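Chain naming follows the written order as A, B, C and D, and within any one chain the residues start at number 1.
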Amino acid sequence: MTTAIAPELSVSEWLNAAAPLTLAALRGRPVLLHAFQMLCPGCVSHGTPQTQRAHDMFKNTDLQVIGLHTVFEHHEAMKPVSLKAFVHENKLTFPIGVDTPGEDTPIPVTMASYGMRGTPTMILIRRNGTVYHHGFGQQDDMAVGAMIASVLTET
Amino acid sequence: MTTAIAPELSVSEWLNAAAPLTLAALRGRPVLLHAFQMLCPGCVSHGTPQTQRAHDMFKNTDLQVIGLHTVFEHHEAMKPVSLKAFVHENKLTFPIGVDTPGEDTPIPVTMASYGMRGTPTMILIRRNGTVYHHGFGQQDDMAVGAMIASVLTET
Amino acid sequence: MTTAIAPELSVSEWLNAAAPLTLAALRGRPVLLHAFQMLCPGCVSHGTPQTQRAHDMFKNTDLQVIGLHTVFEHHEAMKPVSLKAFVHENKLTFPIGVDTPGEDTPIPVTMASYGMRGTPTMILIRRNGTVYHHGFGQQDDMAVGAMIASVLTET
Amino acid sequence: MTTAIAPELSVSEWLNAAAPLTLAALRGRPVLLHAFQMLCPGCVSHGTPQTQRAHDMFKNTDLQVIGLHTVFEHHEAMKPVSLKAFVHENKLTFPIGVDTPGEDTPIPVTMASYGMRGTPTMILIRRNGTVYHHGFGQQDDMAVGAMIASVLTET
């Protein structure tokens, strides 16, 4: 179990959010972070719809669901204008941040600071700001439900 | 929220169990009860495999998963000899009790005492013996994971 | 490509049929034969519903769909009384024959005469009585549609 | 049954093709046309993978499978640079043409000439150049297999 505080998000643009979100401001609430790319098949078929379902299922709790568009390949193909159409067509309603592009690297800033291996990646952050779960690839629905309920019951 | 203690199980025969199980003896542990019929299509396609996955996922917790064969129709078709083959073929490993047949009614005893409306039915019982969830029909995996984690964290 | 005539069915009892069916009487029409066991998980989840869909989809053609209950294990668990409940619960409407039990062998007669390796098995018979396809295990829907259309266009 | 010849394709750019394809040059062969948009959820989850499977399944026949990127909304989001990444990520190997953008209308040229209602649309063209099937929305795998086999057997 890690006791390090999860790195702050670095986001260049927000969708579905009235104002920028920060982990610092969310301290005290659990955060479900879904890192994805709009052209990653495993994200589109599984991870992103799963995240939307978690957003809907736990809407009456203080869980904060956040999408993070971590583009690390095909950058020209997945610009914000394309992401916005993707979000519209897939009826995504949770806040989504565009991970800040890296300098001298195809890997965006937040993706690098978390050491993510690819997309989709699910990161679940405790109320105290530490990482409870960091999972790469398809996550099981039942396990996701259990993990979220667990961090919600932590004080 | 009900505060009544869940009715005791009435079981005529156990599979996958070294000895009979009772809710009384399990007091202090949460119990996931899956009421099914081996020829109920919704049980076979969804409820029973989901219960097996819950059994596997929470094996390192003190959750007790129990199947209950609540035959209320086609009694001649779903006798214990058929149930045993079903359990073998579907590789079910959690304890399964045969609900005691009713007298002068097609509804078996435990099914009646819980007021179940049909199969599959999922009943989740708290450590203190009260019912946390009584759901008829298909249950969502994420919700099931969340409910189990919630009762596990109760003291 | 085999030119041998497919063996005649040996059936001890029919469901969903006003009178016994024979391949001899069906000569001139293509026949889709689905060999299954009611407690075979792959049959219940895939093969049997697929067969029902083929029966529905080609109802306006002269394809004859036939189910064959080829019990080769757990014989006591899958007697006709259980099969009838299974057929009712799963809303199967195509004719289903109970493969005649073998003597001195757990393998029923038709299953043996076709050299079937297990269940589910799909056998597609041409208008001229020869076997067009003999497939063990899960069959792809698109391929099944194509094979049926092919034998329907043969003269 | 229509006897009109299917309108010629109007394509501004081809992917997965050594040279432009035309229906005129393909006369004598059946053609499966899959009209899609890369950000249409029903295309991504069902229609496009189904088309790839048809391409693979009938590769030893003279069926020609063609994708047509019929962008009629979110034009800025689905430019060819994005389509190319989509094709790469989803491992699509059949030829795909970009439907020529319309003048004074969001509807591209081929989409309009066929009177398509949206995406996905599947159009199956006979050897003689007439339309055998024009289907909007999700197409059933078994029916698709049957239709393709039927047009393949036509002379």
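Some observations on this one:
Throughout what follows, a residue touches a chain if its C-beta (ideal position, glycine included) is under 8 Å from a C-beta of that chain, and two chains touch if they have at least 3 such contacts.
Composition by chain, UniProt nomenclature: A, B, C, D = TlpA family protein disulfide reductase.
A quick note: this is a predicted structure, and the numbers were derived from the prediction, not measured.
In the contact between chain B and chain C, the residue numbers used by both copies make up over half of all numbers at that interface.
In terms of their C-alpha centroids, the spacing between chain C and chain D amounts to 36 Å. Spacing of chain B relative to chain D, judged by their CA centroids, is 49 angstrom. Not a single residue in chain B touches at least two other chains. Applying the touch definition to every pair of chains gives A-B, A-D, B-C, C-D.
Looking at the complex, you find that chain B touches chain C at residues 39-41, 44-45, 73-74, 76-78, 81-82, 84-86, 88-90.
Touching chain B in their complex are the following residues of chain A: 50, 53-54, 57-58, 140-150, 153.
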